[in-house]
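In what comes next, chain A is part of two complexes: it sits with chain B in the first one and with chain C in the second one.
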Partner chain A sequence: MNPGPRVVTYLFGNPNLPVTDTLIVSWLSIILIVIFARVATKRLTLKPGRLQNAVELLITSIHDQLEAMLPGEAMRFLPFIGTIFIYVGVGNLIGTVPGLVSPTGDLNLTLGLALVVFLVSHYEGVRDNGLWGYLKGFGEPVIFLLPLNIVGELARPISHSFRLFGNVVGGGIIISLIYQVAPGLIPVPLHAWFGLFVGLIQALIFGMIAIAYISVAKSG
Partner chain B sequence: MVQFSPDVAHTIIKAAALLGAGFAMIAGIGPGVGQGYAAGKAVEAVARDPEARGNVITTMLLGQAVAESTGIYSLVIAIVLIFTI
Partner chain C sequence: MVNINWTIFWQVINFLVLLWLLKRYLYGPITEILDKRSQKIENDLTEAETKKREAEDLRDKYEAELKKARKEAQDIIEEAEKRGRRKAREIITEAKKEAERIKESKLYEVNQAKKEALKEVRNELASLSLLIAGKLIQEKLDQGKHEALINQYIQELDQQRLGDLK
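== the complex of A and B ==
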């Protein structure tokens, strides 16, 4: 939970290369995910143990969600969407650990992920419909709506990234306000709500909207 | 025309920005109404078909999170107004 990133140190002492706390925590979460993935997939067996069962449940539920919205191509997009979902989810949840901040409370991270989704969705649109066929889709239903369609298209990564950023930062600000008024055990349920529940829901939403953008672009 | 000293002018700008942040959060009405409507419809759906409870709740949460985005925009604008001016 954080009310915004703050600069903690400078890379190589260069004032043009600030290192924020969110950047450090995002690398920490990447390392944690890699270690967890190595441990979870070290001994894969046909009769899964408890850990393997849990991981398989996560992966198959993402796969089912993809299969419902992008029929026939779930396996192609599973690594991409699964990575986004797991990374955002861990980034949201790690903020509840005392002393750590949510890396998703930094617009750099959310806007970066949203721009990746934006590029992938346009690439998929061109790949499926051809360049001209895809560009023609912006002039539908009448050519006068072309500027409106382009503005709507450009607003997508902004709304996609600000939704996650605003939720995490808003929760962090509310919690830090409550801490000033009532320290102690009172803000603990708020951590459960904003950190765990809203964090997981927003990770789910971020992944679902990424799938929706890609499937809309594919259909032209 | 009245000429303010820089201190006074800055105070006025700050006060206007804080007022603007308050006004921006009026947008919170929209998501409130939208999420309440979605929750009400979900209650109706569960009452009609209690076995579809899990699916209904997932769909409701997704729709509510999307409906929330206008409120989040106003929140971001309010945060910018409070902390940057």
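== the complex of A and C ==
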């Protein structure tokens, strides 16, 4: 039992460029997502079929959530937040396929996404409030809270990424322990619980927190 | 378990590539079709509104025309009734006049007949009286004297009782 990414090979034989199993599975999920998107949007009609309806429901749900938290800018952030949600969701769910690991159980993925969200939220904060206006916000309500605010700000991508990472890895550890202790069908509902339910919930939480960070940064 | 290495950049690049691909193949087409649909719904609604208004206009027009036609029919009926009543009145008046005229002429005829009859009766009475008088007094009198006497008597009678028949 060894949770976490395993190095499979090295790119160009360079020991600084490892290729892990999680990286390969994340490529696989990307390919699957893109194929699915292509199939789903190949023949879009004004009277949608089942698949189109489902995809539209997904997109409009994300859009409505965005519209509630970032009024008037839902269309601008829809691709970004939608991709985070879909990518993390598929990354969580694909771990339930036997022989595949969850790419979200790799801190490199979660931290990478959290850093992208971190950069985007600060970019949006500066964009909306001006550089000085945004920086001034860190000195409020009183200036001596500035270090605390900065630490809090830097903690965000860490908590953001470790929450997802911890949930997925923790779930995986519990599952493998139960597989070792209790044989047969007992682990199956637990595996479904951690793989499907927790996976989707965590994807939702990851996306919601990304929206919240951007929303907070925009308000200064 | 927790080791951060260069794959973090791969993961970021993965994410950005996926973002770009999904923007192109998922969000773009979906938002486009959603916009198109809402556009179509809006158009349909506007069109329906227009059609409804047109239909209402048409209905109002037809109703007004119907009302007009009914009123015209009513007018025609009233006119016909009026004319009928007038005609009836005329006929009645005509009939009354005719009746009056017939009555007049019949009365005239009757009067005429009465006059004739009286004249005849008078002549008859004269000769009868002469006969009776001749028999009664048994006196041979001149025929001419007798007639003068009788005529005088009758004259007197006329003046006293039959004067209005003259």
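The definition used in the following text is that the second predicted complex is superposed on the first by the 218 of 220 C-alpha atoms of A that agree within 3 Å, B and C clash if a C-alpha of one lies under 4 Å from a C-alpha of the other, contacts with A are read in each partner's own complex, and residues count from 1 in each chain.
To be clear about the criterion, a residue touches a chain if its C-beta (ideal position, glycine included) is under 8 Å from a C-beta of that chain, and two chains touch if they have at least 3 such contacts.
Because the structure is a prediction, the values reported are computed rather than measured.
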Ask   = Based on the superposition on chain A, does the combination of chain B and chain C result in a clash or a fit?
value = fit
Request  = Could you look at A:I205 and tell me whether it touches chain B, chain C, both or neither (first, second, both, neither)?
outcome  = first
Remark   = Value for angle(chain B, chain A, chain C) over C-alpha centres, in degrees, nearest 10, is 120
Ask   = Does the superposition put A:R50 against chain B (first), chain C (second), both, or neither?
value = neither
Query = Residues of chain A touched: more by chain B or chain C?
reply = C
Inquiry  = Quick check for you: in the superposed arrangement, does A:S159 touch first (chain B), second (chain C), both or neither?
reply    = first
Chain B versus chain C as contact partner of A:S26, first or second or both or neither = second
Message = Touch test for A:N167: chain B only (first), chain C only (second), both, or neither?
response = first
Query = Between chain B and chain C, what is the shortest CA distance in the superposition, whole Å?
reply = 7
Query = Where on chain A do the contacts with chain B and the contacts with chain C coincide?
reply = 4, 169
Message = Per the contact definition, I'd like the list of chain C residues that touch chain A in the complex.
response = 1-12, 14-19, 21-23, 25-27, 29-34, 36-37, 40
Query = Any idea which chain A residues touch chain C in the complex?
reply = 2-5, 16-20, 22-23, 26-27, 30, 33-34, 37-38, 40-41, 44-46, 48, 52, 55-56, 59-60, 75, 78-80, 82-84, 86-87, 103, 106-109, 111-113, 115-116, 169
Remark   = Seen from chain A, its contact residues with chain B in the complex are 4, 159, 162-163, 165-167, 169-170, 173, 201-202, 204-205, 208-209
Key: chain B - residues contacting chain A, complex   = 61-62, 65-66, 68-69, 72-73, 75-76, 79, 83
